[in-house]
Amino acid sequence: MRIHVINGPSLDRLGKREPEIYGRESLEDIRQWLERQCAGDELSFFQSALEGQLIEALFRAEDEGADGVILNPASYSHTSLALADALSALHLPVVEVHLSNIHGREEIRRRTLTGACCKGVISGLGKFGYLAAIEYLRRAG
Amino acid sequence: MRIHVINGPSLDRLGKREPEIYGRESLEDIRQWLERQCAGDELSFFQSALEGQLIEALFRAEDEGADGVILNPASYSHTSLALADALSALHLPVVEVHLSNIHGREEIRRRTLTGACCKGVISGLGKFGYLAAIEYLRRAG
Amino acid sequence: MRIHVINGPSLDRLGKREPEIYGRESLEDIRQWLERQCAGDELSFFQSALEGQLIEALFRAEDEGADGVILNPASYSHTSLALADALSALHLPVVEVHLSNIHGREEIRRRTLTGACCKGVISGLGKFGYLAAIEYLRRAG
Amino acid sequence: MRIHVINGPSLDRLGKREPEIYGRESLEDIRQWLERQCAGDELSFFQSALEGQLIEALFRAEDEGADGVILNPASYSHTSLALADALSALHLPVVEVHLSNIHGREEIRRRTLTGACCKGVISGLGKFGYLAAIEYLRRAG
Amino acid sequence: MRIHVINGPSLDRLGKREPEIYGRESLEDIRQWLERQCAGDELSFFQSALEGQLIEALFRAEDEGADGVILNPASYSHTSLALADALSALHLPVVEVHLSNIHGREEIRRRTLTGACCKGVISGLGKFGYLAAIEYLRRAG
Amino acid sequence: MRIHVINGPSLDRLGKREPEIYGRESLEDIRQWLERQCAGDELSFFQSALEGQLIEALFRAEDEGADGVILNPASYSHTSLALADALSALHLPVVEVHLSNIHGREEIRRRTLTGACCKGVISGLGKFGYLAAIEYLRRAG
Amino acid sequence: MRIHVINGPSLDRLGKREPEIYGRESLEDIRQWLERQCAGDELSFFQSALEGQLIEALFRAEDEGADGVILNPASYSHTSLALADALSALHLPVVEVHLSNIHGREEIRRRTLTGACCKGVISGLGKFGYLAAIEYLRRAG
Amino acid sequence: MRIHVINGPSLDRLGKREPEIYGRESLEDIRQWLERQCAGDELSFFQSALEGQLIEALFRAEDEGADGVILNPASYSHTSLALADALSALHLPVVEVHLSNIHGREEIRRRTLTGACCKGVISGLGKFGYLAAIEYLRRAG
Amino acid sequence: MRIHVINGPSLDRLGKREPEIYGRESLEDIRQWLERQCAGDELSFFQSALEGQLIEALFRAEDEGADGVILNPASYSHTSLALADALSALHLPVVEVHLSNIHGREEIRRRTLTGACCKGVISGLGKFGYLAAIEYLRRAG
Amino acid sequence: MRIHVINGPSLDRLGKREPEIYGRESLEDIRQWLERQCAGDELSFFQSALEGQLIEALFRAEDEGADGVILNPASYSHTSLALADALSALHLPVVEVHLSNIHGREEIRRRTLTGACCKGVISGLGKFGYLAAIEYLRRAG
Amino acid sequence: MRIHVINGPSLDRLGKREPEIYGRESLEDIRQWLERQCAGDELSFFQSALEGQLIEALFRAEDEGADGVILNPASYSHTSLALADALSALHLPVVEVHLSNIHGREEIRRRTLTGACCKGVISGLGKFGYLAAIEYLRRAG
Amino acid sequence: MRIHVINGPSLDRLGKREPEIYGRESLEDIRQWLERQCAGDELSFFQSALEGQLIEALFRAEDEGADGVILNPASYSHTSLALADALSALHLPVVEVHLSNIHGREEIRRRTLTGACCKGVISGLGKFGYLAAIEYLRRAG
């Protein structure tokens, strides 16, 4: 399967930023671990802090014939109607993933505008959330 | 691993209730499918419409030495402070699972009080959500 | 016709509780009066203070082939998403009845979550509300 | 008995307006059906789209010695403090009737300011709502 | 001075409506009492339950060369943007008067949209409120 | 084309009311200017401060076979559920027009209940808004 | 009559503070003007910026046998539950007076907690508000 | 005196659950301590996680002739209208007790719906709260 | 023990103010009754209507070596962040006491800002609340 | 005239995205149709998903001497204070255009922050909205 | 320059109160440090826990010819309309200073009513905030 | 010291945009004035309208070994959770600066999400705000 994994703002600081909370693995470490777990799949990674570039990445996934998308929009998840609109315009199955459990955080982070436009949302399972999303896309997406 | 799977109100109507939305599989079908997927694990299923019995089931899991719990509280998820309190008092890893995507439903269903007291929440992936939760408990729980 | 009349918490105190407001008739008095009014119909009464037992009573009505249900959920009407879900899963016509006029009470009691999932709601007509609901089920339900 | 039946805005379009929802009967059809059902009663019908004329009709009912009033305020029900004040100033029993179930509609239509000043409210039972209201006034009003 | 006194819905029931609260004087009684108090002034009274007729009465006061207006909009005070707009378009000094003290009533009646577009507001002083308003217009209007 | 142009409260004061804001043209001036611009069309103008008469004017447009309606409900736009209901019951294309830009005004004026039931809304373009609405009805209505 | 006139914070700056809005008269000027208008009455003036001293002044009025109180609480009107409680505990008629029209000011100033515990409220009539309050106490208080 | 002490969900976990917060004493320890303190009184203990069983226990207290009730509804305190209704229907003095200080916890726990229907509420005094409540019932209940 | 009992605004009117609600005992009567009940303790009473003086009294208790404080802030309880700050800065155990049940009063009085910074809150038990608070300080404070 | 037409996120998917709602015409089709309608004008088109690039495009229009701007901010309309600020800093007339009727959509899309800083807003008229905006700029801008 | 530095409730506890948060310096220490930093200026310090005394101090600054004021209203900042009114009536430049960062505290402390009536607000810079405010007054005030 | 000064959207229009409010100095003028004031420091300026580029600039400051950051996020301050997250992930002291006083503007601009993640916030002091921030970083940062 061909799956695009799109990551939002500050995820490039993973591993350096508050490691006691987010762990010591960088996004690159997670990418390599995922590729080992999913040897038969073709994974394509993208990260950006710009809302518009994430929208472009979503449409590029469709244009390049991906089978599904995994989106970790980080904090844009709670505020971006533009990302939500783009997700509604997409013809691909998308699963939203959050490393930490958004339901246990401040009020404003408990609601996900973008998740409302995805197949489903996984939050709080750390890097295993990405793996579960791939597994879902492979079997039911 | 020994995992308790606890299900809340109306889930015993699965398969009969609005099958065009929830699919034609009953909770028993899902149980059997899960056991085939996780042959090496010991799964224990429970379902009840009574809030108090779900609380008792959580504490029983701890008393009986389970390694983890999967909880689908259905609509109690949004209103039950009592369940949330019980989860906070528990010493087991718990993953909350919802068959449908709660983030795409009415306002009052987008927030999960109980999920805030779990390790993480999976919503919208249908029966695969249970499987992903077991996988997580097995590898990182 | 076979009609199940399901009553929620505290209705078993009727007649003893604040008689200057709710009148001196007990739920049993109302049942007997209703049976005299509807001699040709088969009425089945149930009362419970437990949310889960009311849900079970709704599904039992369907399983036992009732023609319709009259539901007085008392205060669960304003807080129980679980009852509302059960009503949505039911294939029987249901009319919600309240003895007092909920629209003239405190803010929190003016909205009925369960009534939103019924055919209609009658409130404030005392025991005549039950009679009007039966009449409706008989002629148009 | 002498009963005034007062109807608010757009009810004169009944039968023509979205018949798949409101049915094919006009207000005149309902009036004739009601008169056949209540041969011994004297019914007086009134309809207007003007808030002030509905208030005048309420006071006229009292001045002309009616025994009770049935009021279908349509959408004024949710916004008119002026109608609510007039109802409070009236010395007649009033039952509010809505053809559709207001509790199952958008938020703003679930609350009835005018219903709070009536004996009771019947909603969702179609034309049978008028009949149930007359029956109530005849026996308990 | 020439002063128009404009009264809103239900004020024609004064004296008959809840006399233990509003007193036993009718609007006509108040009119005669006011004329005795203000022998040198020319008072013009108007009452209507129709929002549009109150707007027309405001503009008529201007067209007929009145020196000021006293407005008792009753419950329209809290909901009518149309009356408020008309007041903003008027070139006459207007004082709003309420017989009862709106600040001591339910939340929704504590705010006056129309009063915000007047010179001032007098509430709770009964018929003396009209007199104080005339006195103000005579000396400072 | 036959188009009804329906105008709400206070628009008959146009030109006299705050001319530095709304300009020096009266509604009659706008009507004549519009008729010069749209020589081939048959325009029918109506204005009233009464909510009920505006509802009647909407239905009359349908009964008299108009091709479309332009509605400037003025402040009723923000509060009148009754007008909104009438618009939903109508089978004609309607465009709502506001002379000033409602989005730049106080909070309560930024939302249009009636506009939600129209084809579209034009606000802030002055008399050109009427012209644009006619053009739209002529080419796409 | 013996009337205590109690004034709250900043009123001692009257005349110096924004004279284009509040006029050029000081509180002392108003006091002298009032005494000329009410030659037969015994007026007692008090001003303080301290919430507690205003409460003490209210109780002192009662202890010293005053016939009534005029209270201008200035901005404490909108926030002081303590003043409101003291007014409820008082056995004297009190009229609240505001120089400017609080209904035309920002949201937070439109509601008067203290006014809810008085006989009535006069706002926007400038110094005539004090006079109207005295007149009311003399004739109807 | 005969006093029923009714305890809600999770209180059976006392002593085991977060002992650094709630102390190491179980509900049974508290019961025995209370009985030693109140040797002359007859105390009857009940605990349940089911809302409906707590309601039944309240009515049973009345039926069995108790002199008063102490109720610790735990988290039902904040959400249960059904319990609040039952309390209003009861003819016994009830004092609500909370071990921890609900006023210092999250917003949703600061309000007690059930406490509003009791004589009074004691919160934050640990097991001494039960003792103070008994003392109150003995001397003033 | 040495305990400071600090009382807020209007409590000096106790006994005179609405005796049918608050009873006929003055604050002085309560003080004498308390001293008889607690012969071995040293009680120090203070009352003021001034927010700042109450803050000073709290700090004075600490400076003079009191063992604990009982605070009845009356209505400052609901509005005074300054008192709440002072309580947080204090190193003494404080119990807040209200004579009436604040949970059964209007919305704005159900929340206590100051109580959130105390050990606990007792409300609705009348003068016994002071006694229970002293008892608590003596045994567990 | 020289007019810049600036379009926000996802508008480049027009024609491919939900054609049953938005029609089968792409943004390029609309551009060509507009140029045929406005042969004498010089239109300059821009589209971007990046908030900052839209801001830059607004300032570029001013720097390049455009006579006016048409802005379709898509979903940024509801969330972008930055775009609203840029509009306030601009010295050009701007008309906001939405293809669909934002007033008939979900609550969060009914308010336009950016539209509040434009001359006016046109919504729901499809591609004719662009044409009407150009017409307005040509004759009255 | 002559600058008045006015400090609100609890600031006299600085150094003693939670030193791990607020540091070990008292208000007197800060005063001496400021005077060393600003040898050429004439600083006048004032502190009080009484709202009314702070208002008097503001007016005294003006009466005594100060060139500017630095105000640290502590928690009155969030609740005192009376202080805000006094600031609006003042003809001196005022800068508000908070030792801690109010924007990072609870919701109710993030808004400053008084700061809205000052030149500017500095928060979170500790004692340097006073220095920056003096610097600003000296160069630009 | 090495300090990065990062500026958000529209600040490049300074001097041209509403000079009567924001003054006639451009951002470049302010930069030169600051460099003259802080001759010994190394200042690095950056401006962008793109949210993502501001996030990148924050991380670049850390990567390039800056001693501190001054951030003027303009309107992103009120809406950008992404900027707030980036600030939380940064290991440098940051001071937020606003040229105008945000506390005196519309409701939505009074709250700063980003300021909550900084050391402190300075608003309303114009270009002196930048200078005060540098001074703070130099002495206490």
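All chains are identified by letter, namely A, B, C, D, E, F, G, H, I, J, K and L, in their written order; residue positions are counted from 1 within each chain.
Note that a contact is a pair of C-beta atoms (placed from the backbone, for glycine too) under 8 Å apart; a residue touches a chain by one contact, two chains touch by 3 or more.
Everything numeric here is computed off the predicted structure, so don't read it as measured data.
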Chain-touch separation of chain E and chain L, in steps, is 3
Proportion of interface numbers common to chain I and chain K (over half same, under half different):
different
Of the pairs F-J, E-F or A-B, which has an interface that repeats that of I-K (more than half of the contact pairs shared)?
E-F
Any idea what the CA-fit rotation angle from chain A to chain E is, to the nearest 5 degrees?
180
With chain centres defined as C-alpha means, what is the inter-centre distance between chain C and chain F in Å?
47
Using CA atom averages as chain centres, what separation in Å is found between chain D and chain F?
31
For chain C versus chain G, what separation do you get between their C-alpha means, in angstrom?
54
Overlap residues in chain K, where contacts from two or more other chains coincide
50-51, 53, 79
Please list each pair of chains that are touching.
A-B, A-J, A-L, B-C, B-H, C-D, C-H, D-E, D-F, E-F, E-G, F-J, G-I, G-K, H-I, I-K, J-L, K-L
Touching residues (chain side chain I, partner chain K) in the complex:
50-53, 55-56, 59, 79-82, 84-86, 88-89
Complex contact set, residues of chain G against chain E:
95, 101, 103-104, 110-112, 115-126, 128-129, 131-132, 135-136, 139-140
In the complex, chain K residues that touch chain I
8-10, 13, 16-18, 48-51, 53, 74-76, 78-79, 108-109
